[in-house]
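As structure tokens, here come the structures.
Here subunit A shows up in two complexes: once beside subunit B, once beside subunit C.
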Partner chain A sequence: MSIELKNVDYIYDSGEPFEYFALRGISLHIDDGAFVGVVGRTGSGKSTLVEHLNGLLFSTRGDVIVDSDIVRNERAVLAKTRRRVGIVFQYPEDQFFAETIFEEVAFGCRNYGFSKEQVEESVHKAMNTVGLDPERFLPLSPFQLSGGEQRRVAIASVIAMGQKYIVLDEPTAGLDSGSKLAVLTELESLRQTANVTVILVSHNMDEVAEFCKEVVVLDEGTVTFQGSTDAFFRDAELVERTGLELPESYRLARALKECGSTLAVNEGSTDRMLDSLRLCVSDLGGA
Partner chain B sequence: MIRLDKVSYQIETSAGAVQVLRDIDLELPDGSISAIVGPNGSGKSTLARLVSGLLRPTSGSVRLLPDGDNQTVADVRPGLDVGLVFQNPDNQLVATTVEDDIAFGLENLELPHAEMVRRVGDVLHLLGLEQFRDYPPHRLSGGQKQKVAIAGVLAMKPSFLILDEATSLLDPTNRREVRQTVLRLNSELGIGIVIVTHLLDEVLVASRVGVLAHGALAAWDSPRAVFSDPAVVELGGLVLPLSARASFLMRERWTDFPLCLTPEEFARATCQLN
Partner chain C sequence: MALSRSFVLGQHYPGTSVVHRSGALVKLVSTIALMIGVFVATKTVQYIPIAVFLALGIGVSRIPLRFFARGLKPILFLIVLTVVVQVFFTPGTPIWQFGFVRITREGLGLAGFILCRLVLLTLVSVLLTASTSPIELTDAVSDLLKPLSHIGLPSAEIALVMSIAMRFVPTILEETERIIRAQVSRGARIGEGSLIVRMKSFIPILIPLFVSSFRRADDLAVAMEARGFRVGSPRTRYHARHFRSFDAFILLGTAAALSGVVLWRLFL
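Right, the complex of A and B next:
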């Protein structure tokens, strides 16, 4: 099972004088259980792309295939697709409507016909996953919260539905560093324990290097790179050309090389980098 | 400078009173760059609104006083003394062209027409937005929109500019552009800057960092001092930069290895060992 895009084009306002070619010839394959980053400058087509994955937008040409079903604007297919793919939109808090956080988070579960007990359980679990104390927060109005708290409620309301593909469109923009790390770590553990596939749209290259094994890089509606995150960040010129920046570990390795240090460290995740540094230091210690 | 004396802020909710900020003492010197950090919900935006005069403290005072003069104190006039820029540029732009948007705040000042035109022209020039004068704001990139929002605030000629997570929705290129613009406003015009942020790059440009935790000021110190104290880092919802964690690791062998906050500093310190 997987998500696949075959030669997808998307044109906004197709046929109108102001039509806009937002995606061109996108082909992609996302395996079950992957943690994939989608990166690229503002306007490169990231949101347009991910909105195809659960049938919010339909390709102008080409196919979007989720678990071997082609996503089409037909009731049965759409219901199946949305049961499989959940999306946390960009600035999701703009769409809050319920009087309490409980109602906000429970909404999707109710739509899928969860029993009363299942709703209760899913809502509590999802709140814990995003680090909000259910006892304290569930009775409050979502409109009372600070921006970062609202973002976490929005993430909880998608996680609660238990879909196997979770797409998050810039979910950490505006979160404090501690919550950012906590939310992504929880998503990683959902991936490991429940084999959830995570598709993360992000402008934060440090979190992409830390959590995503693969990346899809978009530039003006086309895929300019798809493959291992490490291979992408090793190509500093491509990173620059696509309007992005190097994660700290890659900048650190490069700065060490440039000043001729004998410390050779591994880029990538924080642990990988610090482990290699620890080894270097103890080697030097022996000398 | 702007001086906060024992500032507290309380809101009434259906569940009773909530103390959002408690006994905040702060001095923001003219022309200085400060950062405010803290976990989501710690009170940063509330503090930003208090400093800019949009909210009044429940107790304590927020006052403007000329540097070196403790006699002439005044209340902060929102917009005029302190301009505030928010996170989402789409919620701040109201008019149909960039020019009208920048003029919008000025309309209320009852300035002579010529003065208004001059001010709009000045800020367009200052922020490099001249070519977009007649553009509809929605056709601009996120970074450009945020610069238009900054321009609108600057046209009021405030002596301080507060950016409340103003770059957090931007991509890396736009973020860098806005940051450089703000630093230039500080160095060229002497505008005092307060940056509310979660981003390390933005904390590091400040000479002082205020760390808010549960509505109280847990620290008010240099970035290096803040990152040297694990308790403050934790309270502030911060994460140590990788370079700092690498520095601590180096200290296990070289006990006087400095605390480095950027890769470049770390590389330099490392090469001085050899």
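Right, the complex of A and C next:
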């Protein structure tokens, strides 16, 4: 079971004089339980790609296959696909409409016909996953929360439906650094405990390097790289060519190497980089 | 995307012809005058001066005829309906009869008259909106209303409200699509089921839309005030208007067409 795209083209205004290839020959494979990053500069087709995964858009050519079903514009297939793939869009707190956080988070569950008990249970579980105390928050209005709390409620409103695949489009945009880290850590724990596949669209290379084991790199609607995140960031030229930036840790490692240093930093994340640096420096007998 | 693309906003067709470049106020006044002319006419032939002038304008504007045909489409049903009613239900001398269905000479004449009237009215307004950007048009409306500001009508504010509303139509359509995508992804079924269910299904779209529109309005107000906007204080314009020779041509042509209709009606 996995998500697979085979030679997918998507053309806006196909056949019109202004037709425009948003996606061109996209083939990729996302395994169950993976934490995959989707990166690329603005306009590279990330959001268009995301909308194919639960049948908001349909490929002009090629197949999008979710758990061995080809995504087509048919009621039964769409219902099945949307039941499997959840999407958290950019600034998801803009979707709030309910009077209480409970109603907001329960919306999706009710749409999918959960029983009363199932709704209660899923809502509480989702709130715990995003680190918000259900007893305190559920009766409040979603509009009276802080930005970071709103974002978490919005994420909870998607994960409460218990989908296998969760796609998040820039879930940390506009959050303070504490909330950013917390949100991503919560997603990672969700992946580990519930075996949910997480697909993270992001502009922030530091968070991609830290959380995603694999990346899909898009450039002008084509996949220029798919594979291990570490392998991608080690290829500084490719990173540059696709209009992206190296994460801090990889930049430091590269800079050290260029000036002939033998210090070995751990690139995985900025924290780990700092730890390894401290270790090296204390080994050298420095302060 | 589909919603905002299928919605032809204001039907502006950008171009550089003399019709495009002439003053919006002149075009607006001319349009109103021609519409009055259309209503003054009592016989189909009396439309000739207006039709000739309009054809000239359309030709000079270099806007494709396809575009005008598209402008007629929304009122096609109205045209067909009125023509059918006129043809079959006007009493007079029958020229064709089948059972109780009867076509009269008067009916045909009246149908042709109404048809020409509707087509002319539509084409005149399509030419105006096609050759004038919405912003220019609101400026023109504000100019037209200016004399009324002496009796307390806030004409500048009315124009501002109009132009802001027009500016935000595409933005809000896009926002609507965004919200629909998000709610559909949360399993919402929009516009399905019984009437009550269908109406309820719009709540998760309308409320976020209201919330974001109010927030947007608030942001816009702050941004405008931060840049020195004060209600009631006089404003200058970024685009200065110059009277061009073609403006004079439009005004003269309009006057000629209008007087042509009036004279025709009075003396022929």
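To be clear about the criterion, the second predicted complex is superposed on the first by the 264 of 287 C-alpha atoms of A that agree within 3 Å, B and C clash if a C-alpha of one lies under 4 Å from a C-alpha of the other, contacts with A are read in each partner's own complex, and residues count from 1 in each chain.
Operating definition for what follows: a contact is a pair of C-beta atoms (placed from the backbone, for glycine too) under 8 Å apart; a residue touches a chain by one contact, two chains touch by 3 or more.
Note that the structure is a prediction, hence the values are computed from the model and not measured.
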Which of subunit B and subunit C A:Leu5 touches, first, second, both or neither: neither
Which of subunit B and subunit C A:Asn111 touches, first, second, both or neither: second
Subunit B versus subunit C as contact partner of A:Ala126, first or second or both or neither: neither
Contacts of A:Gly147 with subunit B and subunit C, given as first, second, both or neither: first
Superposed model, subunit A: greater residue contact from subunit B or subunit C: B
First (subunit B), second (subunit C), both or neither touched by A:Ile166: neither
Subunit B versus subunit C as contact partner of A:Asn54, first or second or both or neither: second
Touching partner for A:Val36 - first (subunit B), second (subunit C), both, neither: neither
Contact set on subunit B toward subunit A in their complex: 13, 15, 37-41, 45, 87-88, 141-143, 165, 168-176, 198, 234, 237-239, 241-243, 245-246, 249-250, 252-253, 263-264, 266-268, 270-271, 274
Complex contact set, residues of subunit A against subunit C: 12-13, 51, 54, 56, 82-83, 86-87, 89, 92, 94-97, 107-108, 111-112, 143, 157-158, 161
Residues of subunit A touching subunit B in the complex: 41-43, 91, 140, 144-149, 151-152, 170, 173-181, 203, 205-206, 243-245, 248-249, 251-252, 254-256, 258-263, 270, 273-274, 277-278, 281, 284-285
Sites on subunit C touched by subunit A in the complex: 1, 5, 175, 178-179, 181-189, 203-208, 211-212
